[in-house]
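Presented sequentially are two complexes of subunit A, the first with subunit B as partner and the second with subunit C.
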Partner chain A sequence: MPYIGSEDTVRDLRRVLSNPNVQSDQLRYRNTILKVIRAMSQGVDVSGLFSEMVKACATVDIVQKKLVYVFLCSYATLNPELSLLVINTLRKDCQDPNPMVRSLALRNMTNLRLPSLVEYVEQPLTAGLRDRAACVRRVAVLGWAKLHNLQTNSEIDAAVVNELYSLLRDPDPVVMVNCLRALEEILREEGGVAINKPITHHLLNRLKECDIWGQCEVLRILQRYRPQSEDELFNILSLLDVSLISPHPPVMAATLSLFLSLCSGLPAVGLAALERVRGPLLAACGNTSREMQFTALCHIQLLLRSLPGLMGEHYKRFFCGYAEPAYIKQRKIEVLVELVNDDNVAILLDELRGYCTDVNISTAHAAISAIGRIGRSYSDKCLEILTELLGLKQEHITSAVVQTMRDLVWVCPQCSRTVCSAVEGCEAEIQDSQGRHALLWLLGVYGEQVSSVPYTLEVFIDGVRSEASVGVKMELLTATVRLFLCRPAETQDMLGRLLHYCIEEETNMCVSDQALLYYRLLHCGIEETRKVLQCRRSDPSLGVLIGRPAEPINQWSYIFNTLEPLRPGAIETESATIGGSPEHMTFDPKPNNDLSDTLSYSFGKTVRSGESEHVQCPTIFRCSPQSLQAAMQLVNIQTLAFTPPHTLPWRVYLYTNTQNKHSADTCHGTLILGELLYTGEEIQKKSKDEENVGVEARQDKREEEREEDTAEGRSEKERVKKNTAEKGIKVTLKQQPRDEKALKGFLSVLTTVLHALSSE
Partner chain B sequence: MSASAIFVLDLKGKVLICRNYKGDVDMAEIDHFMSLLMQHEEEGLICPVMAHGNVHFMWIKHSNLYLVATTNKNSNASLVYSFLYKLVEVFTEYFKELEEESIQDNFVVVYELLDELMDFGFPQTTDSKILQEYITQEGAKLEVAKTKVPTTVTNAVSWRSEGIKYKKNEVFIDVIESINSLDVTVNANGSVMSSDIVGSIKLKTMLSGMPELRLGLNDRVLFALTGRDKGKTVVMEDVKFHQCVRLSRFESDRTISFIPPDGESELMSYRINTHVKPLIWIESVIEKFSHSRVEIMVKAKGQFKKQSVANNVEVRVPVPSDADSPKFKTSTGHAKYVPEKNLVVWTIKSFPGGKEFLMRAHFGLPSVENDEAEGKPPITVKFEIPYFTVSGIQVRYMKIIEKSGYQALPWVRYITQSGDYQLRTNV
Partner chain C sequence: MISQVFILSSQGDHLIYKDFRGEAGSDVVNLFYEKVTALTGDQPPVVMRHKDVHFVHVRQGGLYWVATTTADTSPFTIIEFLNRLTALVKDYCGSLSERSVQMNFALIYELLDEVVDYGYIQTTSSDILKNFIQTEAVSSKPFSLFDLSNVGLFGAETQQSKVAPSSAATRPIQSSRDQGGKSEIFVDVIERMLVVIGSNGVLMKADIEGEIKVKCYMPTCSEMRIGLNEEFSIGKSQLRGYGAAVRVDECSFHQAVRLDEFDSLRILRLCPSQGEQTVMQYQLSDDLPSAPPFRLFPTIERDNGGRLLMYMKLRCDLPPKRSVLDPTRLQSFSSELNLSQELSSPDQSAELQPQSRAVVWKIPRFPGGTQLSALFKLEVPGFSSASMLEVGPVSLSFELPKITATGLQIRFLRLSPFQPGPAQRWVRYVTHSDSYTIRI
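So, the complex of A and B:
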C-alpha cells in the first residue's frame, strides 16, 4: 500500500522512539508505540523500526508489551536475526509471577514463526504445560502444535505427546480441547489423536463443560471411535441425544455427524437421527444470520438425498422472502422441488411462479427450471404456467422457459404437442445462444407439428453470417436437415443455401465439418440420412430415473458439516444428473465450466492417446443403449454417443466430471473422458494392476455362466465360454487434471456397472 | 474449525485489520476477495463462500465492514460463521457500534481481542465478560467494566461478582415477542404463508449480594409434568438460556433457576411456531394505469383484543420508482411519500384493536415508461403492542432468595413487536 510520506513517518517515529527522555516517560513511550502500530495497520511499512521496538519490549508495562508483541509478530519473519534479541525478554517473561504475562509471552514466542528459534522455545513450552494457571497451559498446549507446524518433518517428541495425552485430564475444559487440537496436528501422519474407550468416555462425560467450540471439536474427533459393543454404542447415543437437539446449529450438526458415523452399520438408527434433527434444522433455517441459514439449507439438501420425505409437511418454511439474497432463494427453490407431493403441488407451483419474475435473473431461471422439473411428474399444471410465462414477452424468461421445455419434452414426450404450440412465434424474443439452441432443437425434432417452422428457420439461415455461437450454427444445420426429411419441398432451397455457406465460407472447423458430413450423407440418399438423423425419441424406460431413489446415508455423510455442501453444484441435483436428452448433452448449459468446449474440441485427439485398460464383460454389447445409459447415469457417468447394439466394432463414449471426495485439503474436480471399445477380437496385451480385477471377475463370471448354462444345450454353453475367454472390452481413459485416485475410483465404478449390466 | 486468518475489510476491500493465525495461507490472498465479490455480484450470484484456487473465503457483512475468514481446509462452515458472528457480538459490546470508524479508533483493542478470541485458528475465550480480564486497554469502553470482574479461575459464578449493593432491591422483567410473518393474498381473505414468534425475556437486575432467582412461566411441559391443567399454557421451541441458568434443573423439572448477572442481560429466548392471525391485517388494491397514474387503496385492520392498543403503527407501501405528484387521503394518521425509498409511509400513532382504517393514495406516472425491471416488494408493517403477548406467555412468579433475606420487587412488562412482517401485494 503506497502511503505518502511514509519514509518521513518512519524517520520521525524512530527519532522519538530512541529519545531517552521519551523512553523514561512511560506514557509518552506508550503513545509513540501506539503510533507505530497505527501506522502499521494503515499499511505503512514500519519494519525499519524493528530494533527500536525490540528495545521497547523490555518493560513492565503490560499494555506496552502487548503492543510491541503485535508489531514483532508481524515483522519477525523479515528480521530473523534481530528477533533472537527478543527471545531473552520473552523467556524472562515466562517466569513472571503474573499468569497473564506468562501466557502472553508464551503465545507470542510461538507466534514468531521462526524455525531458528525453536530450540529456545521448547524449554518454556515444557514448563508451560505444567503451569498452575489454566490460561498458560492453554497457550502452551497449542504452542506445541505451532512448533510442529513450523518443522513438520522433525521428529515427534514422544515425551511431549505423552504429556499432552495426560493433559486431556486437565481440570480446565479449554486445555483439554486444545490438547485434542494439538495432538490432531502433531500426529496427523499417524491419523490424528488415538481414541480409545477410556478417552472416549472421559471426553463424553466432560462434553457439557465445554463451550460450543470445544463441543464441536470433541464431537468431531470422536467420529473416529468405534464402540466395542452394541450396548456401548447405544449408551453413547443416548448420552448424545441432548446435543442432537441443541439450539446451537454447529453443535447440532457436529452431533448428527457423529451419530451418522457411529451408526454407519445401522442405517435405521441413522434415519431416526435425521428425523430427530428436523426441528433444530428448521430452526437453523430461520436463523437471523443469512450465512447460517444458507449453511442449514445446504445441509438439508444433503439430508433429503437419503430421506426425501423429511421436510414434506414443512414446505412453507422454505418459501422465499422478498428481501432474501439470491443464494438463499436459489437453495430454497432447489429444496422446494424435492418437497413436492400431491397435496402441496398447487400451492408450491403458485409460489414458484411468483419467483419466475424475480429481479435477479438467475433466481428467475432457477424458479423456471424448478417448475420444469416438477413438470416431470405434474406436466399439465407446469406447462400451463410455463406457457403463461412466455406471454410475458421478457427476453430472459422466454429463453429459460424454452430451455426448460426442451428438457421436459425429452423426459415426457407426451407434452410435445403443448410445447410445440407454445414455442411457436417466440423466436423473436430469444437473444442468447443457449435459448436459441434449445429452440432450434425443438423446431428440428418436432418440425412436422409446427406449421411455421420453415419461416422461422429461414430467418435464422438468413442471419447465419452474423451468428456468433458455434453451437447454434451446428444445431441450425441439424434442425434444417431434419426438417428437410419431413418437409422437403419447403426446406430444400434454404438447406442448399445453408450448406453452401457453411462449407464454402464458414471458418469454424466444427461447423464446416458437420455441414460436409450432412452434404455427403444426403448424397447417399434420403433413407441413409434418415437412419442417421432420425431423432432418438426418449424411451419410456427413462421414466424410472425421475423419482430419484433414496441414497444410503454414507453416500454423503463424509462431507456433512464441512465446507463442501456449500460449494455451488456440490450437491448433485436431479437436473444435473439427468438433464435433457443426451443429444444436447455436449452443449448442456452449464454456466460455470467449459465442459462443452473441452468435449467437442478435444475428443477426437484425446481418447485414443489415453490410458487403456481391459474389462472382461463381453456380453455388454448386446445390452440396449437405453439401459446402458440409465445405468451409467445412476453412477453419474454421462454417455455421449454409442453404436447400436450387436454391431461390431461396438463403441461407447462417455464422460464424467468428478468431485474430489478423498482429501479434505483440495476441492478440485477432474474431467474424465472414456471410450469403451469391443472389437470382437482377442486381446493380446494386458496391462496394469487393474487387470487382476478384470481377470478375477472374468473367472467368476465364467464359472457362474457354466453353472447357469447346465440346463441349456452343450454346444451353446461352449460357445459362450469361448466368447468370454477370449474377448473383452477395451477401456480407454483420458483425464484432466491428473488425479490418479479419481481415475482408479472411476475405473472400478465403471467395471462394476459393466459387470452388473452384462450379468443381467 | 481451522480458520487460517481473519480479516476486517472496509467496503472498498481495504484491509483495516487482520490477524494471521496459522500462517498456512498467504496473507496476500485477501486481495482477490474484493474482485471475486464484484464478479459474483455482477453475475447476481453472491455467495457467502468464495474460492480462489484452494483458498476459501467465508465472509459476513456488518454495517460497512466485511469480516472474512480464509481457510485452505475443508473446514466446518457453520462453525466459522458462528465465530464471525461471535466476533461481531464481542466487538459490538466493546465499541457499541461496530463500523469502520470504531475499528480504526480502537484498533489496539481489536488486536488484543483477536489475540484472545482465537489461537492457531481455534476459538479460545469468547465470553465477553471473561475477556475483560485479559484486555488491558483503557480505551475499551465496556459499560459493565465498572464492576470488578472476578477471576474465572477462582470463582464459580463467572458472570457476577460478590459484594454488589443496592439501596432498593428490584428486578425488571421484559417479555418481548416479535412476529415474523410472510403473508400472501391468495384470494380475498388471504392466508398466512408462514409465521413465527421469536420471544425473549430480558432482565434488569438491581439486587444486592448473591441472590438465587426462580422464574415461573406458564410452560405447557411444566404444567403437564406437575399435573396441573388450568389456564392457558404455551409450548416453547428452541429455548436458549443465558449461561447463568442451571440447564440440568431445567432439563429435569423445567425449573428456571439462576443467579442473575448484574445489570441488563437476556435471560432466555424462545421460538413459537403456531399459526397466528396476523395482528394487523392489510388489504391492498394497487391499480397501475401505465403512462398515467397509480391508485393505491390500503385497508388496515387490527385483529387483536379491543382493550389493547398498537402504538406507532407504520404501514410501508411500495410505489413505482418513477411515480410523481402524490396525493393522499387517510381516515386516520397521516401518509408521507418517501421518494428515495419508493415508499408511502402511513403512520398511525395509536391503533386500537378491532378498528379498521383506510388510506388512499394517488400518484402520477410519466408517459415515458421506465424499462428497468422492478420487483414486487411487499408491504411491510411495523407496530408495537404493549401489555400483550401473542403467544400468551405469562410470568407466573419470580422468587428472589438471598442470604440476608431482603425483600425485593419484581416488575414485569410485556410487549409485542413486529419483526419481519410482510404482506405481498397483488400488482
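So, the complex of A and C:
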C-alpha cells in the first residue's frame, strides 16, 4: 500500500543520495540505500531514484552492490536507457578476481530482463560457462535460459546447446542440474532435454551427489525415459529404492512418481512401490509443518484409490488432534472412512462420534456424514450413534444427521424403520433449508411408517407463506402428495390448501408449475399418480456403488505429486456419486437425492434426440436384476440402477472403465455411461414416461444444469446411430474422453451379453 | 519452479517481495491476501489458484510465506522449500517474527538471491550459504538488564548459570563469526505426544514423534559424536540389553549423519553445519514405555438447580520434583453459560471462552506426583440429559522439560578431536503435547 507522502520520501532520499558527503561515507551511503530498498518492498514507487542508484552501483562494498542490484532488477524494465549505464559496471565486475563478485554480476546482468542488452550479455555468459568457480558456472548456465526466454523467437544457438550438454558432466552437481533445467527451457519446443540411455545412467549415478532439490529435479526429468529392456528397468528401480524411502518427502514423492511412470506397464510393481512408501508417507503425516501434513494426507487419499487396504492397520495415525485446523481434520475424516474394516469399526466410530460435537461446524458435519457413509456397511452401530446425536437437540447437528440419514436410507432401505422412529419430532430443531429438504423427503417417502407425519406436514404447510427456499417448497409439495397416496383421509384437506396456495399465490414458476402438474396428475386418477410418485423410494441395486473397486494406478498417477490433489474437492469421494457430499450441499434448492432421476433426465434428452443403438432381445426385461448384474460384472460392466423386472418402460443404467493399452499417451482410459431402455410396443406409455421424467427433472434443475455444464465442458457425447426394428432395446451411450475403438468394443460386448441373457 | 516468493505480515503488509521470473505482475500479492482472508475456516488454504497463478503458502511466525508456481509443480518440494526458507531466516535473523523480518529485509533479499535463481532452488545448505551472505543480522532484541539475570552477584558462578537461558538459542548464527563470541552447540531432544485416553481410563492411542535437533553456533566444527542410550532399539523385533529398552518404531537420519558406529555403540557421527538441523527423527506408536503423564478423574452430574457440576481431579504421574507448565482445556456447551468454579490453589485460574465453547483451566505449576482438583459449575439453559453427551473431551496442552516420553537420552556429546577455544555444549530435553485428549 503506497504511503501518504511517498513523493516526499523519494525527494528526501534523492537529496541524501546525491549528497557528496554521504557518498564519501560508506556506512551512511549504504544505510541510505537500505532505506530505498525498504521503501521499495513496502510498496512505495521509488523508480525516480534510478539514476542515483546507478551511480551507487560502482562501489567495492559487496553488500551495497547487492542492495543496488535488488533495486535495479526491479526497475530496469521501466528505464531501459539508463540501464545501459549499468552494463559497463557489470561487465567490469565479470572480470573481478573474486568469484562471488563475478557470479553476482552475471546473475544480475541476466536478471535485468532487457532484450536490448542481450548483445552485451552474451560474451560474459559464454566466458562464465568456462569459469573456474562453480558458483559462476551455475549462474551462467541458468543465464542462457533467461536469455532464451527474453527473445523466444530467436534461433537456438547450437553451440550453446552443445556446451550445455557437455556441462552435464561438470563436477559440481548443481551445475549439472542447472544444465538440465536450462536445456528444458531452451529446447522446450523440441520436447525438452534429450533423455537417452547414457544421459539417464549418468544422471542416476550422480543422483547421490545432489542435494534434495537437485534429486527432485533429476527424478522429474527422468520420467520421460523409457528403459529399453526389462533388465534395465529393474536395475533402475533397485537403484532408486533408497530414495523411495527417503526421509525427505519431496524426494520420496518424486521417486514414487518416477516409479509409477516407469512401471506403468507393470501394475504389480507399482503396487509394491506404494506399499514401500507407506512408512515415509505416514511419517510425513506427522511432520511438524501443518502444510506438509496436509499435502501428505491428500496424496494418501490418492494412493488409497488403488490400494484401499494400504493404511488399514495404521488407522490410529489419522485420528484428529485437538488443536489441528479444520481442513486437516476433514481430510483425516475422509481417510478414516476409507480405512474401516471389521476389526476397527467400533474404535473408529467411537472416535468419529467425538468429532460430531466439534466446535467447528463443518468439521462436525463432515464427521456426521462420515458416520453415514460407514453406515452403508455397518448400519446398526452407525444408526445408534446418529440417533443419539439427535438427542443433543442442536440445530446444525440435527440438520446434518437428518441429511445423512436420508442418504443412508436411499442406499440401505432396511434402515428405514429405525430412521423413521428417529426423525420423528425433530422438525422443530431444523432451521436450514437443506435439513428441512431432507426431512421432507424422508417424511414423504416413509409417510406410512411415522404416525405423526400429517401434523408435521401441517405445520410446514401453515408456514409455507414465509418459506424462503424454493427447494423446500417443491419438496413439501411432493411429500404431501406422496402422503396423500397412503393416508388420504388425514392429508386431503391440507393438500388442497397447499395446492391452492401454490397455484394461486406462489410467484415462483417452478413451484407453481409443479403444483399445477400434481393437480392435473391427481385428476388423472390415483393409480396414475401412484405410478409417477411412488416408484422411487430407494434402489437396492445401488448397493453396487458401496464397495468402491480398486482403481488402477494410472487413473491417478498423472496427478500424483502435483498441486491437483490439494485442491478442495479434487479427490472425488465415494459419496459424490450418491449426491450427499458437501459440494452438492451448496446448491440451493437442494438437488433431489434420486440419482436415477437426474440420470434419467440427462439420458432422456439424448433418447429424445433419437440417436441410439437398438439391440434385438426383447425378452431381456424379464430376467432378474441379480442375474443381469452378475453377468455384466463378468465382463467388467458395473450396473448403477435398475427398474424392477416386468415393468415398462424397463431401464438399466450401467457404466464401465476401459483401458487403452495400445498407446502410452492415452493411458487414462475412458469412462462409458450407458442406458438400456425397453419401452415395449405402447407408444403412449413412453410419452407418459417422458412427461414424468420432465417433472422430476425440474426438481433437479440446478443439478441438471451442473451436469450439463460439466458434460459440455469435458466430454464429447458419443451417439451411435443405426436404424433397426422398433422393438429392440435402446442403448444410449455417453463417453468421456472420446475413443471410437473402445466404444465399438464395448457395444459388441454388451450386445453379446444381452443376447446370451435373453436366450437363457 | 517458483515464480515469485513473498512474505506478508498477518495484516497484509508487504515485507518481502521477490520476482524470479517476471511472469506475473506484483498485484498478485494483494490478490493473495484477499483470497486468503476470504477463506472460511474449513477450506484448505495451502493451495490457492487465480487463473494461471497458483499460490502455495505456509504460515510460520505469524507470517505468510508464499510462493507462486505452476500447476504441475510438486507440492512437497514447494512446501519443504518454504519451510526450509523459514528455518534459514530463523537461523540468520535469530528469531522468526514480523519485526525481525522487517529489520533484516536486506539479509533476506540476499538469502533469496542465493537460494533461488530463475525460480530454481540452488541450495539451502547453510554451509554453502555462509560464504555468500555478507549482510549482518540486526538483532531485534535490544540489550536488556534482564539478560544479566543469570549472572550471579558480583559475577560469581552460581548454580543458575549452569542452565542455559531459554533465549540462548534464538540468536543469529553469524554473530559468532564476527564477534568471536561464544562457540556453543545445542542438542535438543524434542518429542511430541499424541495421546487419546478413553473414558474408562484405557489408553486408546499413543503416538510419539520425536526429533533430535542440533543447533550449532561454531564457525568451524570438525566432528561431533552423539551417544544415545545403549539399549536403544528400532522396530519390534530387535531388543537390546535386559533393562527397560528404549524402543522406537521407525527412525530416519539426516543425510550427513554417519552411522558406522550406530549399530554397535549407538553413536551418531556428524559434522554439523552452522544453524539448525534435524539430525534424527523417530516415531513410536501405540506403545508408551511408561504410564501417560497425566490422568483425569472426572465426575459429571447435574444438581437439582439444573446446573452442571463437573468435578475434575487431575493427577500427574511423573516422578516428583518435576514442575510442569500445564494449561488444561475442557470443551463444553454452545449456549449462554455462567461459570463458577472452585479451584484447589489460588495461582490457578479458569475461564470460559465463549468462542471455542471451552472452559480453560490454567495451571502454572504442576509438580510431579501430586493431584489437583477443580469444581466447575455451569448453568446451562434448556439443559437435558442428552446434553451430557456434549461435554468433553478434555484436552491438555503442556510442556515437560527435561523429560522424554520414549526415555531416549543423550549419553554423551563429544566434539572431536580438537576445538579452538572452549566450546559450550548444551543438551536439552522437552516433551510437548501435540494433542493429549482424555474422553469423558
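Here, the second predicted complex is superposed on the first by the 572 of 760 C-alpha atoms of A that agree within 3 Å, B and C clash if a C-alpha of one lies under 4 Å from a C-alpha of the other, contacts with A are read in each partner's own complex, and residues count from 1 in each chain.
As a working rule, a residue touches a chain if its C-beta (ideal position, glycine included) is under 8 Å from a C-beta of that chain, and two chains touch if they have at least 3 such contacts.
Bear in mind that the values here come from a model prediction, so they are computed numbers and not experimental data.
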Fit or clash between subunit C and subunit B when superposed on subunit A: clash
Touching partner for A:133 - first (subunit B), second (subunit C), both, neither: first
Contacts of A:242 with subunit B and subunit C, given as first, second, both or neither: first
Contacts of A:509 with subunit B and subunit C, given as first, second, both or neither: neither
Which superposed partner A:517 touches (first subunit B, second subunit C, both, neither): neither
Which superposed partner A:146 touches (first subunit B, second subunit C, both, neither): both
Partner chain(s) touched by A:272 [first = subunit B, second = subunit C, both, neither]: neither
Subunit B versus subunit C as contact partner of A:324, first or second or both or neither: second
Which of subunit B and subunit C A:388 touches, first, second, both or neither: second
Touching both subunit C and subunit B, counted on subunit A across the two superposed complexes: 34, 37-38, 41, 43, 62-63, 66-67, 70, 100, 107, 113, 135, 138-139, 142, 145-146, 174, 177-178, 181, 211-213, 216-217, 220, 247-250, 253-254, 279, 283, 286, 289-292, 294-295, 316-317, 319, 321-322, 325-327, 350-351, 354, 357, 359-360, 362-363, 561-568
Residues of subunit A touching subunit B in the complex: 34, 37-38, 41, 43, 62-63, 66-67, 70, 100, 107, 113, 133-135, 138-139, 142, 145-146, 149, 174, 177-178, 181, 211-213, 216-217, 220, 242, 247-250, 253-254, 279-280, 283, 286, 289-292, 294-296, 316-317, 319, 321-322, 325-327, 350-351, 354, 357-363, 559, 561-568, 664-668
Sites on subunit B touched by subunit A in the complex: 1, 15-17, 22-24, 43-49, 51, 54, 56, 58, 60, 71-79, 81-85, 107-108, 111-112, 115, 119-120, 122-127, 133-134, 136-137, 153, 180, 182, 184, 186, 193-194, 196, 237-240, 251, 271, 373-378, 420, 422, 424
Of subunit C, residues touching subunit A in the complex: 13-17, 19, 22, 40-47, 49, 54, 56-59, 69, 71-77, 79-83, 105-106, 109-110, 113, 117-118, 120-125, 131-132, 134-135, 192, 194, 196, 198, 204-205, 207, 209, 250, 252-253, 281, 283, 285-286, 329, 331, 334, 356-358, 382, 384, 386-387, 389-390, 393, 395, 397, 434-437, 439
Subunit C contact footprint on subunit A (complex, rising order): 1, 34, 37-38, 41-43, 62-63, 66-67, 70, 74, 77, 100, 107, 113, 135, 138-139, 142, 145-146, 174, 177-178, 181, 211-213, 216-217, 220, 247-250, 252-254, 257, 279, 282-284, 286, 288-292, 294-295, 314, 316-317, 319-327, 330-331, 347, 350-351, 354, 357, 359-360, 362-363, 366, 388, 391-394, 561-568
